[in-house]
Each structure stands twice: as structure tokens, then as C-alpha cells.
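Naming follows writing order (A, B, C, D and E), and every chain is counted from residue 1.
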Amino acid sequence: MTTILKTENLTIRFGGHIAVDHINFEMPENQFKSIIGPNGAGKTTFFNLISGELKPTEGKVYFKDEDMIRFSSVDRTRKGLGRSFQITNVFPNLSVLENVRIAVQSKEKIRYQMIRHISKYTSLSQKAEELLGLVRLYSKKHVIASQLSHGEKRKLEIAMLLALDTEVLLLDEPTAGMSLEEVPAILEVIRRIKEQGNKTILLIEHKMDMILDLSDSIMVLFNGKVLADGTPIEIMQNEMVQNAYLGGLYDEHIAKS
Amino acid sequence: MTTKYQWNNIFLTIIVIVLFIFPFVTDSRTWTILLTQIFIFSILAMSYDILLGYTGIVSFGHAMFFGIGAYTTGVMLDRVEPTIGVFILSIVTGMIIAGIISFIVGLLTLRLKSHFYAMLTLALSGLFLVLTEKWRSLTSGNDGFTFRAPEVFKDRAVFYLVVLVCLVVTYILLRRFVQSPLGHILVAVRENEQRTKSLGFKVLHYKVIASVVAGVVASLAGALYAISLRFVNTSVLTMDITLDALLMTIIGGVGTLIGPIIGAGVIELSQHYLSGLAKEYPIFERWIIFFGILYILVVIFFPAGIVGTIRQAYYKRKKPHVVEGRSNSEDL
Amino acid sequence: MELLMNLTINGLATGMLIFLLAAGLTLIFGLMDVLNFAHGGLFAWGAFSSVWFYSLTESFVLAILGAILTGIILGFITEKLIIKPVYGNHVQQILITLGFMLVLTEMLKVVFGPNQIAAKTPAYFAGSWEIGDVIIIKYRVFIIVVGFLVFGIVQYILKKTKVGLIVRAGVMNKEMVQTLGININNVFLYVFIAGAVLASLGGALMAPYSGVIYAEMGMEFAILGFIVVVIGGMGSFPGSLLAAILVGLTGSYMAYYVPSLSLAVNMLIMAIVLIFRPQGLFRVKG
Amino acid sequence: TNSDTTEDTKDNEGKVPVSGTGEEGGTIKIGVLASLTGALESYGKQTQRGFDLGIEFATDGTMEVAGKKIEIVYEDTETKPEVAVQKATKLLEDDEVDFLVGSSSSGDTLAVLPLAEEYETIMVVEPAVADSITGAEFNPYIFRTSRNSSQDAVAGAAAIAKSGVKIATFAPDYSFGLDGVAAFKKAAEKLGAEIVLEEYADPAATDFTSNLQKVIQAKPDYLFVVWAGANSPWNQIADLKIQEKGIKISTGAPDIPALSTMEPLVGMEGFSVYYHTLPDNNVNDWLVEKHKEKFNGEVPDLFTPGGMSAAISIIEALKKSEGNADGNELIGIMEGMSFDTPKGTMTFREDDHQALQTLYSIKLEKQEGIDYPVPVLIRELSPEETEPPIQN
Amino acid sequence: MSTLLKVEDVHTYIGQYHILQGVNFQANEGEVSVLLGRNGAGKTTTLKTILGLTPATKGRVAFKGQEITKKQTHVIANNGIGYVPEDQGIFATLTVEENMKVAMRTEDEKTIGKQDYVLDLFPDLKIFWKKDGGLLSGGQKQMLAMARAFVGNNQLLLIDEPSKGLAPIVIEKVMEAIIDMKKHTTIVLVEQNFMMASRIGDTYTLLDDGETVQSGLMQDLIQDEQIKRKYLGIG
């Protein structure tokens, strides 16, 4: 299996605080990996370093063996590193459909065309509508994004990421605030993408059920360092992980199974 | 959707036709000149709308590009010869210079955030004004100079028609521009710059493109303005011009393209009528007070600008819980 | 040496005066993020009302108090009628405050007539001291003192009370602040009035400095104020003070050593500062 | 005539023929452009009052000349060139005026000049001062009753310059100041004076002390100040004790509101374009008296006599042409024409149509019961003495 | 047990949209009342309506027996209601300390005591005391939002999805804290995490399409598989 994403000694310091601390990490192609860890462990920051939102103080990021450090976040997205955001981050005054369409535009490389009317690009809207169907937001396609409820915004966020159709998907708590009823639907979407087998997925989540269900492997971050990395079972049984992160949840999990 | 789109187009076409016939059925030069003036400022305000309404950039230095157009045309007609050829050449030259300068200015300033950007554009255009003032051999400084317009423009009606054609063409091109895929990305930049970046768009490129387009169009407006006066001085570079463009855009409705045209009409006409009233009724001697109150009333009754607010009302009535009338709408 | 002293003292005094002009804007524009183009109008009203009170009472103190009163009244009216409906919306702010600026300026002409008016310096501040070749203009010393005083008082209030925090929080998220039990509308009103008072105080102190006031003076000085607030780093009082002194001193030295650039000096400073420090000199911090 | 006149006639077919020729109409219309709002409002209003009085005076109150009624239309240029052109066109086209008069700002005036030529209509420029109006931008339909910058400069020089005198100048850094100083320098040097320093400042600056420092260091005998606009350096000149250092200040006396800011300069010698007590002639007596009567006791100010002179020049020209208002006809009549104004006799110089006129060498004095320094006559500077160079 | 908050047939419009169309529920003193419902059901809007942020056009909200329906938000809040919004509402350029300071009505001993209590609960906040709120991690922001509501000395807390974004171990702590706080504070909770809701909730109210469809004791709901499946998609 080839490694698609790799970090070497990846480190970032904010003042005295080391948020990500010499992380060496390898991601095999078309795998599904989850990242867990306590709040403030550095998960989101780790994503920010991979996607280029932040520049590391030290260390390297490789995507398909290419050094990514000199590339901006824009270039990295274009090369195939797509991400969703932990805080909902959409275009508030555009309709749901337009939000997704912008993302499709990027995927289709329709970036600088300034003569033809956008409605002539019918495939854009079609693709966007398809994706909205996938995340169960089709009925709201003409609603202004700022009027969506919190959970609906999360779905929109996912649709936008899927629209980019990048090889690597970085998902930062995609289901936070999503209703119990909806979570399975989104899981289904993620599962289907996984099953297509041509996407590498990195997922940050705190919902253990979901992680155990989907992940090929799990990495645990703690204070910016890798505390453990392994299969779901290994991780669940790791005592350090239990103490630092899971707490009573582990007992519950045992009880359930 | 389509039918409404068509209705709008038919409506606009009728208005344009009426405006084209206008000089043939009336001989009021006042009206010809006033309308010409409105058309010219409409072009300027539309160019400003590309910045403010579509890309979300408040610039306090837009007069710079207007001035570049005005001076290029003025100087060339004065120094070379007042012919149509030179006139066209001067417009093109002005646009190229404005394009280059707006490109450089854009690169220099557009990395800055909101207020800081706005003030930096103010600074640069201020410096440009000083430069113009000091380059007296070319510009005659603050006094300015008069020049001859091409012979055909002596007939104001001909010039009126030329400006109207420019307005219509600019409007069509700019509408195309904002409704293109690129136009939609500009709106995305306005709405959420950081998110646009993470979708793989180079935000600075788009801002610079918007700034160049706006600069080039503003220079066209400046060139026409200079011809309409056959005179140019440093007033074309002052903050007042930028503020006029800003006000017209806001009054009409930002991000509507047609709004700035309405805004230009409202400002010029109300100015015309109010100052006219001043001669007849003593209470209107301080007509500027009423003019100021007009702005205040527009904000209260048309919070999204005239066109913007009407559009919102239209959407509310027609399609509840659907996209509210707003900027990049495909409907006009 | 004397020359340098002269240039420095005068530059410093001018800087302080500019700081006094900008102080109100630092609150209204820097802290509350309101693009108030009518600020110059408040400033001009301060100047005119102080001159009017002075001609009436012959007392400089009463003139200043009169200007402050004008600032309170105008600040109240402006916030309630003009600013309140447009918080958070820059586009509407620009339009409505520009409209109000026209009204304020024209009303000045209605009330005080269209002509420029001479502003007198009170006898005890008139004239200057000469120490060797160093000329110290008395009124400028007074301005420097008042400048530091105003800086100290405002800085004390912002540091020692939560007002500054509440305003910044309110600008970010008005609803959230309300749910914390704070009447943010009143806080904004009071801060705006404070800004208006500082504006009219600035106007009142400006009048004897230049010796002449006129209705159109507002816009000119408001732009200078905006420059200072922005290059100081929005909303930072120390930043505004520093920026104002920078503008004052540079203006003074440039006018002497590079006079051909003096037309451009303010814009030049702003361009240089912003190109090299895109956030202004100071970033607002706790 | 050129093609566009034919064009005009065609446009007006079916209507009353262009009254520009003035043959059929029983009225003569005069359009006056002035800044009636904005920063130059007080200048505009002075012109307006003066012009009204001037017509009244010149027609002996009949408001008629050569059997034709005089009608005046005022338009506000708002000190914006484009509005000036708009209004001028309205006057020429819709009101079909026979004369244009104006305007308060040089910019507005320059923008309107080509229209006068296009419509072959006489334009009497008042009170704009830019040299280029009767210089580089001159056209034959332009006549100017106001003095130009050069005349000011010559008068200024005449008041103080003589051989061996060292002069420093101080002026705002834009056309008005630069032209003013250039003209002054020429005139002063001709009189044998030496210009030791030329200082220019940002007219909107808050602080002028740096510039004034330089003046102090140059140790001139005189500091000649060319200034316009509300923001003024007088206070700071006094604060720096320039006069106490033996440097005499000289400048043009402004209008009364601005004079009130010149208290610190009492004792200064300079020149004046007009102050109501300076000229000694019947026309001025009439003006002062009428003005007081009409405007509850106010006296005419700096540009009031200018407005009046413009009016008189038009009526005089019409009298000579027997009511013919045709522009081309009038050029010949007005060139070299002399007429009596509140400032004495003026003459339109044939070469550039600039009215040669009297200016006044004055001294500022404090006078009982007047709350501003009063310009007191030292001597009249005759039209010949203040004659500016021909620049067109 | 006395009723602290009562919401009766509340209707709310946002713009021209009729969002709440008859919400009924009550919160008893010393209890945790949970609002449940799918995305877009109107849970958040209900909390906002109680606070007067989106005022009710019809119906009645009473707090401590007093009608507060038409009162201004800050007045309602000062009656003793605290709020943890779903988007956390952190003041991004204010430090953690300043965020807390803005929330404190008084800086007396009692409040300081409360502050110490929450800082013990969320030690992260202590570590990043001088850091800008906007730079915190998602979970840390959630902690700060809750801490802010706690120090306000409120009788009633409206908490919108507190478990969102928190690590399991922290969720446990929050649950403990909420149970602990029940002694002196009444809580209205919006929660999607049914495990949490069912553990700490005393009563529940189920919203759908802006309407109350069911309410009762939490125990009963845990048993009622049909309802759970129909409205919550679990069971």
C-alpha cells in the first residue's frame, strides 16, 4: 500500500505552548483513519498544518511524496487535500445551492471564466443538487445559508467538502450538533465514500461509536503528541487512552459488547 | 425565473430605446447634459459596485482611476489633436494605464483587511493627487486646463448618444461579468474570504481582477467626463468623486449593478431639483440640508438601497422561505 | 539645536492637537467600529459653540463647558436617530452619516452664518515665551497638557472598568452580550456620547489654535482623525496617541527639511505605516 | 460661423429663433454663475448682491437698456466644474441668456470658458483670479472684470518692493499660490527687490510654524503672504513673533469675515482689491449707501464691487451696441472699452480682455467700534501701475 | 416542586417565517428539563424566544411567576437566566479572562468562588487564561461558554448542546457538574447526545416542526421505543 500523506517531525508552537509536537505520521492510500484525543490535544491544529492553514515551526508535510510546505492552502486544496471545518464555515448570504456550486466550480476548475453566464454551466448545478440530495439538504436548496439550523449547516459543510472531490478528505467533527436521527444518514454518506475505495479519509470525532464503526485505524493525540496509533481494538484497550480520553465511556463500551 | 428574466430584459430594452430616441424628440440641452452626466456617473458607480457590491471591498481611492481616464483623454486631445481617432486612442490608453495601476495598487493593498485597505487606498490616491498637482507642466495643477473635443461632439446630442452606448455596453459586459462563474466567486470572496480560499481559489487573484475591472471601467467614465466638460483639473481626483461613486452605489443598492445607475439618477436629479427650488423658495436656500435628509431617509426606507430593497420585497411576496433578494442575483 | 527644539515642540503640540481630534474617533470608529463620517460635524459644532460661548461669556472655561454640552446633546441625538439603526452595517453607516454630515454642516451656517469666524485665544494663553532662540507658544503647551490629561483619563476608564471590554464584545456579538444581562444599547449610547464629547472638545481646543473656524473644517479634520486611528491600530488609545505624535512630528520636520513633500506628508506616513504594518502600529490587546 | 451653430438653428426649428442675436426679443437675459452653497458661498453671495445693484445702478433703476428689459438668472455651481457646465448649458440653452457672468472658483470658470466660445456668447468673468483664464485658456468671448493673480502680485509688489529690500514669500502649495508667487517675484524683482526665500505649505495644514521658522532664519525685511481659503496662518505668525523680529508682514487684505482673523497682523502694510472706504468716487458712494439700505446696514465686501462692475460693463456695452447682444458684435465694442465702477474707471485691455483697474496700497489699523482690523488707504495703485503682463 | 419557567403556546416569527408554532413546556425548580427534536425542529429558537432574542408574537413566557414575554433581553437575563448558545458565542479577540469578566455581574466572593469552581472543572481554561478566546480549540470554547454562564449567578441556565465537540471524559465531567448544580440552579438543556440527555434529564419535551409534540418524565421516554424511533431516530 502506498503512503499518500506523511508528516515528519511536524511541530507548531504558539508562544510557549506546543500545540503539535514532533508528529511523525503516515497515511496509507484509501484508508480511513480517525484522530481522537482530549480537547485541545492539537487535532484541529494538526489538520491546519496539513491543509496549509498554518505554517509549522518545524517539520514537513508530504503529499504523494511531494513536499507541501511551500504550497499555500489554496494550492494544497487544488492538489487534492480537502477539508471541512470544525466551526461551521459557509457563505452566509448565499443559498444552499450556491454554496455547494462554488465548491463544484473549484472541482471543475471553472475559476476564471468571466464571459459565459453561469447558468450555461448546467452540470455545476446538477452536481450540486446531487450532493445536496446525498446529505439530505435538497429540500432546502434555495434557503439562505444563514437561516439554516446548526445541524443543517454541518450538512452543508460536508456537501461542500464532497463537492471538491479531493483524494484526501479531512473531516473535523462533521457530525457535531447533528441530530441523532441525522447522524446515521451522514455516517452512511461517509461509509459510502469509504466503500468506493478511492478516497483517503481522516476524521476527527468525539463520537466513539461512529469511530469504531468506520475506522481502519485510530491515532490518539495528547498534548500535541501521538499517544497511541493502532486498530480500533488496540486503542480501546489502551489504558493510557482510557484514562486520558475515554473515561467512563470505556466501561460502557465493554458493558455493551 | 426565465420569464421574469425576459420581462426584465424587455423592460430595460424599452427604457434604453426611449433614451435613444430622447435627443431626437426634445431639444432641451439641459436635459441632454444632465442625462449625459447621469450616464457617466452611472458608469463610475457601476465600476464601484464591482468592488463594493460584488467583492466586498470598500475603496476610498477610486477617484484615482476616474482621474487617470480624465487626464489621459484631456492631455491627449490637447497635445495631439481633437479628433475621433485620438479620442478613441486616449480612452484605450487611459484604460490601459488604469489597468496597470489598479493591478499594482491591488497587489500592494489588497492583502490588507477592511479599514486598513480602505485607508491605504485613500493614501495612495491622495499621493496620486499630489503628484498630479506637482506635475504642472502636464496638468496645469489645480487650475487645470481646457481642451477641444472632437468636432462631432460639439453637438451634445451626438455625445449623449455616445455616452449612452458606452453605458449600455458597459452594463451588458459587467452584467455578463458578474453572472459568470468568476462573478460568483467574487461574491464568495465577499461572503467569506477564508472559506473561498479553502475551496481552492486564490482570493488575491480575484480581488485584483475585480480591482482591475473596476479601475478600467472607472477610467472610461473619467474620459467621458473630461470630454463632457472639455476641461480637466484636479477635482477629478478628489475624495468627492469617490464619495459620489460610493453614495450612488449605496443608494441604488450594492451588488445589484442596475442600482448604481438608479443611484446616479437619484443623486443628480435631486441635486438638480433641490438647487432649483432654492431659487424659488427661500426655505430651500439651505437645500443641502434636504439633500442630507434624503440620504437619511433612503437608509430608513430602503435599507438595502432602492433596487436592493425592492428586490427583497419582491422575493418575500413571491416565494416565501426562499433566497432573499440579494446581490449576485441572476435575475436582472 | 534651537531649531530642532522648536520643530520638536511644535510638532509635538500639533500631534497632541491631532490626538485630541482623533480621540473621539478612537472610541466611535476604533472601538465601536462605526464609520462615522459625521464625526467632523460634531467636531465643527464643538468649535463653533465654544467660540459662541466665549464671545458671550468671555470665559474660556465656560466656552469649553459649552462645547462639551453641545457634544452631549449632539451625541445623544446622533446616536439615537442616526447610528442606532445601522450598527454593524458599514454600507448603511457611510450613507446615513454622510447625509447627517451635510445636515450638520449646513445647520452650522443657518445658526452661525456662512462666514468664517475668528477664534480668540484667552489672554492668559495668548502669545509665547522666548528662551534664547526657542519660541514656546503658550497655547501649545496648554494643548500638550490637555492631551496627556485626556489620554490619561480615557485610558484609566478603559483599563479600570469593563466598558472597553463590553464595547468590544458588543461589536463582535451584540446578542451574546445582552444575554449576559448587559444593556448594550445604553453602553453604546454612552460611549458614543463620550466620543462626541471628545470630538467637540477637540473642536473647541482647535479653534484658538488656528484662530479661525469655518463650517467646512469638519471633514478635513475628520479625515486626519481617521488616518490617525487607523495607523494607530483601530481602537487603541496608546496607538492613536503615538500615531498622532508621529503625524505631528513628521509634519513639522518635513515642512522644514523637505517642504516639497509637505502636501503629501500625511498620506505618505499612512501609506508607509500600512504597507509595513498592515494592522497599524498597535494591536488592541486586553 | 462653425457647423454647430447651424446644427443649433436646426434643433430650434419651429420655435422662436435664437434670441442670441437679441433682435426680436424685448429682453436681455444675463446668466450669473456663482457658488451659492459650499465653501465659497460668501464670495458667491457678494457677487450676486453686487451684480443686482450694478444693473440697478447702470440702468438708473429702470432695469432696461436700449428699450429692452434686463432679466437675471442666478445659478449655483456648487463649486463643482461639472455642475458649472450643466448650469451654464442650461442658461445658454434653456434660458437662452445673452451673457454669462461668473464664477466664484477658477475651476468652475475654466470649465465654462469653452461654452462661451461655442455659443458665441460674451462671458464676463468675476471674481475668478486664475491667470490662465485670460492667459493660456483665453478665447475672444471672455472678458474679465475681476483682477487676476498677476495684478494682485504686481499690487503686492508695488506696496513693498523697492531696490535693496529682501522679501520672503509664503504661499499655499497649489496653482493659486505658485502662480501668485511667480508673478510677485517678477514684479518685485523688477522694482529692485530681492526674493530671499519662497516657502510653500499645505493649505490644509494645522501647523505652519516649521515654514515660518525658515522665514525667520532667512531674515528678510518683508514676508509677503499669498493666501486664500479659510484656514490661515495669521495666528501662528503672531505667535512666532515674526513682526517683533523686524520682519514686516505684507499680504492682500481679504473680505471682512477673514479680516476679523487678522487681528494679530494689525499694522501690516499690503494691498487690497477693495474695501468700502478705500475708493473715493460717486459709484462707490452709491454702492455703499444702497448696500447699507438694502441689507440692514451691512457694507459691501471684497467681491461686491466686482459683481457690480461686471453688471456695469455689460450695460455699458449694450448701450453702445444699442441693445444688440450678439457676441461677435460685442467683442469689438468691449475691447478697449472703459467704464466707471466702484473702483474707478476700468478698461478691458484689447489684447487679453483683462480689465485694468485700480488696486489699493493699505495698512491694517485697529479702529474704534469695528471688531476687525481695517484696511486704511496708503495710496491708490493706478491701473497702469498694476497692469499685468499679457499672457495669452 | 414549583415551576420556575413556563412556556405557553409560544409562536415566533423570524422575518416572515413562522418558526415556532405552539411550543409548550415548563421547567421545575431544581430539575433538568431536556428539549429534544431533530435538526431544525426549533429547539434553539425556543431558547432564544425565552431570552427575548427572537421575541414571541403569541403566547406567554413566565419566569418565577412573572411574565417576561415582551421584556428586553438584558432585563430577562438579569432576572437570573444564563445562556450557553450552540455556537458558543465566544468573544474572539477577548482573552479567556476578559470573556469571564464580561459575564460577571459582580465581582464579589460568591462569584469568585463560582469561578474557581468552573476552573477546577475545566482546567484548560486556567492554562489559557490570557489567551484570546478565538484561538481556543473547539472543545475549549465550549468549556468557556459554559463557564461564562456559570459565573453569572443565575437561577436558570439555558444550555444549547453542551456535549457538542467535547471529549467523552469531559462530557462525563460536565454531566457530573450539571447534576451537582441542580442543587441551586435549574437547567433547560438542548441535547442531541441521548446518552447524556437520558442520564441527567428529569423531564423532556419533544419538539417537531416548531411544535411541542410530547412531554413527560425522562424515565418514561427511555422506555418508549416508538417515540424514540419516530422523533429521534433511535431505539
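What we mean here is this: a contact is a pair of C-beta atoms (placed from the backbone, for glycine too) under 8 Å apart; a residue touches a chain by one contact, two chains touch by 3 or more.
Protein names from UniProt, one per chain: A, E = ABC transporter ATP-binding protein; B, C = Branched-chain amino acid ABC transporter permease.
On a predicted model such as this, the values are computed, not experimentally measured, just so you know.
Engineer: Where each step is a move between two chains that touch, what is the least number of such steps from chain A to chain D?
Structural biologist: Minimum number of steps from chain A to chain D: 2.
Engineer: As a test of understanding: of all chains, whose mean C-alpha position lies farthest from that of chain E?
Structural biologist: D
Engineer: What is the distance, in whole Å, between the centres of chain A and chain C, each centre taken as the mean of its C-alpha atoms?
Structural biologist: That pair's centroid distance is 49 Å.
Engineer: From the mean C-alpha coordinate of chain C to that of chain E, what's the distance rounded to whole Å?
Structural biologist: Taking the average C-alpha coordinate of chain C and of chain E, the gap between them is 44 Å.
Engineer: Where the CA atoms of chain B average out and where those of chain C average out, how many Å apart are those spots?
Structural biologist: Computed from C-alpha means, the inter-chain centre distance equals 32 Å.
Engineer: For chain A, give me the residues that contact two or more of the other chains.
Structural biologist: none
Engineer: Out of chain B, which residues touch more than one other chain, so two or more?
Structural biologist: 133, 286, 288, 321
Engineer: Name the residues of chain D that each touch 2 or more other chains.
Structural biologist: As it turns out, chain D has residues touching two or more other chains at 173-174.
Engineer: Which of the residues in chain C end up touching chain D in this complex?
Structural biologist: Interface residues on chain C, with respect to chain D: 3, 6-7, 10-11, 13-14, 17-18, 109, 114-121, 127-128, 130, 135, 137, 139, 206, 208-212, 214, 216-217, 220, 224, 248, 251-256, 259-260, 262-263, 265.
Engineer: Quick check on the complex: what are the chain B residues that touch chain D?
Structural biologist: 27-30, 33-34, 37, 133, 136, 140-146, 148, 151, 154-157, 225, 228-231, 233, 235, 240, 271-272, 275, 278-279, 286-288
Engineer: Note which residues of chain A are touching chain E in the complex, please.
Structural biologist: Listed in rising order, the residues of chain A that touch chain E are 14, 36-41, 43-45, 86-88, 147-152, 155, 173, 176-182, 184, 206, 208, 244-249.
Engineer: Please give the residue numbers of chain B that touch chain C in the complex, ascending.
Structural biologist: Where chain B meets chain C, its residues are 52, 58, 108, 111-113, 115-116, 119-120, 122-124, 126-127, 130, 133-134, 239, 243, 246-247, 250-251, 254, 286, 288-289, 291-296, 298-300, 303.
Engineer: Please name which positions on chain D make contact with chain B in the complex.
Structural biologist: 2-4, 7, 11-12, 15, 36-37, 74, 76, 78, 80-83, 85-86, 89-90, 92-94, 106-107, 110-111, 113-114, 118, 130, 132, 136-137, 173-176, 178-179
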